[in-house]
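Labels A, B, C and D are assigned to the chains in the order they are written; within every chain, residues are numbered from 1.
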Amino acid sequence: MDNLLEILSAAFLLIGSFLCISGGIGILRFPDFYTRMHAVGVTETLATGMILLGLMLQMPDAMVIIKLLFILVLTLFISPTASHALAKAAIKNSLKPKLDSEDNKERI
Amino acid sequence: MLIAATLAIFVVMVMAITRGIMGPTLYDRILAVNMFGTKTVLLISLLGFVMGRPEFLDIAIVYALINFISVIAVLRHSDAAIFKNPPTPTDEIENKQ
Amino acid sequence: MFIGLYNYWIVVVLMMVGFYIVIAHGNLIKKIVGLSIFQTSVFIFYISLSKVDGGTAPILAEGIQQYSNPLPHVLILTAIVVGIATVAVGLALAVRIKEAYGSIEEEEIQKKDNIDC
Amino acid sequence: MKDLLGVIMLSGIYGLLSASFFVAMDAVDVAFTEASVGAGISTVLMLAAITMTGRTENPSRHKPLLALIVVLITGGLLIYGTFDMPHFGSAAAPVHTHVAPRYINDSMQEIGIPNIVTSVLASYRGFDTFGEVLVIFTAGIAVLALLSVVRSPDRMAKIDSLNDSMHGEYLILRIVAKMLIPFILLFALYVQFHGDFGPGGGFQAGVIFASAIYLYSMMFGMSTARRVINQTLVRLIAALGVLLYGSVGVVAMLNGGNFLDYSALSADPVAGQHLGIIVIELGVGLTVASVMIIIMFNFEGRRDNLQNKDNEEA
């Protein structure tokens, strides 16, 4: 039973780390603000969830699990809201997404 | 495994800082700060486990909350149109006239 | 032999970055940012002093022998909050200077002062 | 970098980074404070300041070479000075041999709370902390003197209809903020009263509390917030916190101890210490929270005032 929990937790942590790194590559390599935001937004919720789940499985202590759960719920509320506000502010401030038009096809 | 995850998050933080410095627009910077904040939350919870004192998750909770507040504050103070005019009663009076 | 001293060198580098910003830039807000970088380098200096190898955070718990030194933590904890209060006063002064002189660039302020005299 | 907004973003990242460094260095209480101050309030204050002073910096006409030489010489001297310092992490360094062993070994018997940082902060160095609280209080007064504006009360009347009319504009943010604010306030209280056992205490709790109030004022407008939070009351509470701290010391003196000697507060010295620490942490929390609220409201109020002036001139 303990072994199973350990393997599960390791797997969750691994997936979380992978997602984190992919998000990091995304924020560096994607061509414009909105695509970067997509990379960050997707990984922020999922990777955080995975890593926190992995941590939860490591600790049998109830208080710690409750706190981790708090962090998980908070990030699940906060990250999408912040992303939403950011995107809304950017589009209202007339920051145009880079479209697949002729003149920037080569660069993408 | 914990240490591997910590290292991964560290790498991602370096990437976020790079984007924050390169930034071309202001919003890229805000995005980098936001991402850096959530990664700090994760890093601190992981560090607590690595050092064997997981009571320190309180700090991670504070981070999650403060990060939200600072992102909202930045958006409000930047030139964003939805936040540009804080709701003061005088605005409404002017609109009516 | 000197490799154990790297924490001080990091502090010195940060401190000098802050110092350079304070003396080389004319903008008052930027000077305040430089000052807060300087301030943080001092915090890091104290905190790195308090670290003991193999020690853990100074909250007593069962089965832990070695704790880091709590005294610098106390000093820095209060210093951070006092630091933000003083930064707030500095920013308030900058705002008032902007209102009085119409600028927060050091040279323009001095120019205006010279004209007035 | 000439855009000050970008500078401030990067300094926010710097605050986050230094706080994670503090966690790695075992200084959890310090990390807690830096988390709530460096990343939150200082960024917010600098943003509020640059909206009033302008976003761009003039190209520098100073001589950077001279500054660079001065900086390099000073840095070189400082690095030369570090050669005599004890190595990083060595347990035999002079810092660790003076009073620290007594704090670590005896504080459990003398004070009876597990968090050594809190017991040193509130009891062993209580007088020092009293001074710090006074400095914060003075800073609040200074900001009040520099930035406060007289506002006419009759503008407050029309807020309600205005609030209803702008509900649609940033609905999602408002709803999430509405859910979060009570949680943040509750968490601040937890930090305040859990400071004996884990990281936390009056300083951190005060800052977190003020951040929650600030979030409210951002989401629902300054004028609503000004009506909800009575500014005169906040100023009174700031003074009350300092008074509470000082009066604990005076009560200890009346009971025959020294100033701020909590053991005299009760028949049992350890219980007296507990009581004293809880009360003075409360005083610290009250002062810090209300001074931060005063600072932020005055910055915002000044800006609204300037905007109104601009509108009238236009």
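Descriptive notes on the structure:
The working rule: a contact is a pair of C-beta atoms (placed from the backbone, for glycine too) under 8 Å apart; a residue touches a chain by one contact, two chains touch by 3 or more.
Note that this is a predicted model, so its numbers are computed, not measured.
Least step count on the touch graph, chain B to chain C: 1. Common neighbours of chain A and chain C (chains touching each): B, D. When chain pairs are compared by contacting C-beta pairs, C-D ranks highest. Mean C-alpha position of chain C lies 15 Å from that of chain D. Note on chain placement: the centre of chain A and the centre of chain B lie 13 Å apart, centres being C-alpha means. If you average the Cα atoms of chain A and of chain D, the two centres end up 30 Å apart. Taking each chain's centre as the mean of its C-alpha atoms, chain B lies 19 Å from chain D. Residue positions of chain D touching 2 or more other chains: 26, 28, 48, 50, 170, 173, 180, 198-199. Among the residues of chain B, those touching two or more other chains are numbered 16, 30, 32, 51, 55-56, 58, 61, 65, 67-68, 72, 78, 82-83. The set of chain A residues touching two or more other chains comprises 78, 81, 85, 88. Applying the touch criterion to all chain pairs gives A-B, A-D, B-C, B-D, C-D.
Within the complex formed with chain A, the residues of chain D that make contact are 170, 172-173, 176, 179-180.
Partner chain C is touched in their complex by these residues of chain D: 4, 7-8, 11, 14-15, 18, 21-22, 25-30, 33-34, 37-38, 41-42, 45-46, 48-50, 52-54, 57-58, 60-62, 64, 67-68, 70-72, 74-75, 78-79, 82-83, 85, 87-91, 93, 95-96, 99-100, 103-104, 107-108, 114-117, 120-121, 125, 128-129, 132, 135-136, 139-140, 142-143, 146-147, 197-199, 201, 203, 206-207, 288, 291, 295, 298-299, 302, 306.
Residues 56-57, 59, 61 of chain C touch chain B in their complex. For chain A in complex with chain D, the touching residues are 77-78, 81, 84-85, 88. Only residues 51-53, 55-56 of chain B touch chain C when the two sit together in their complex.
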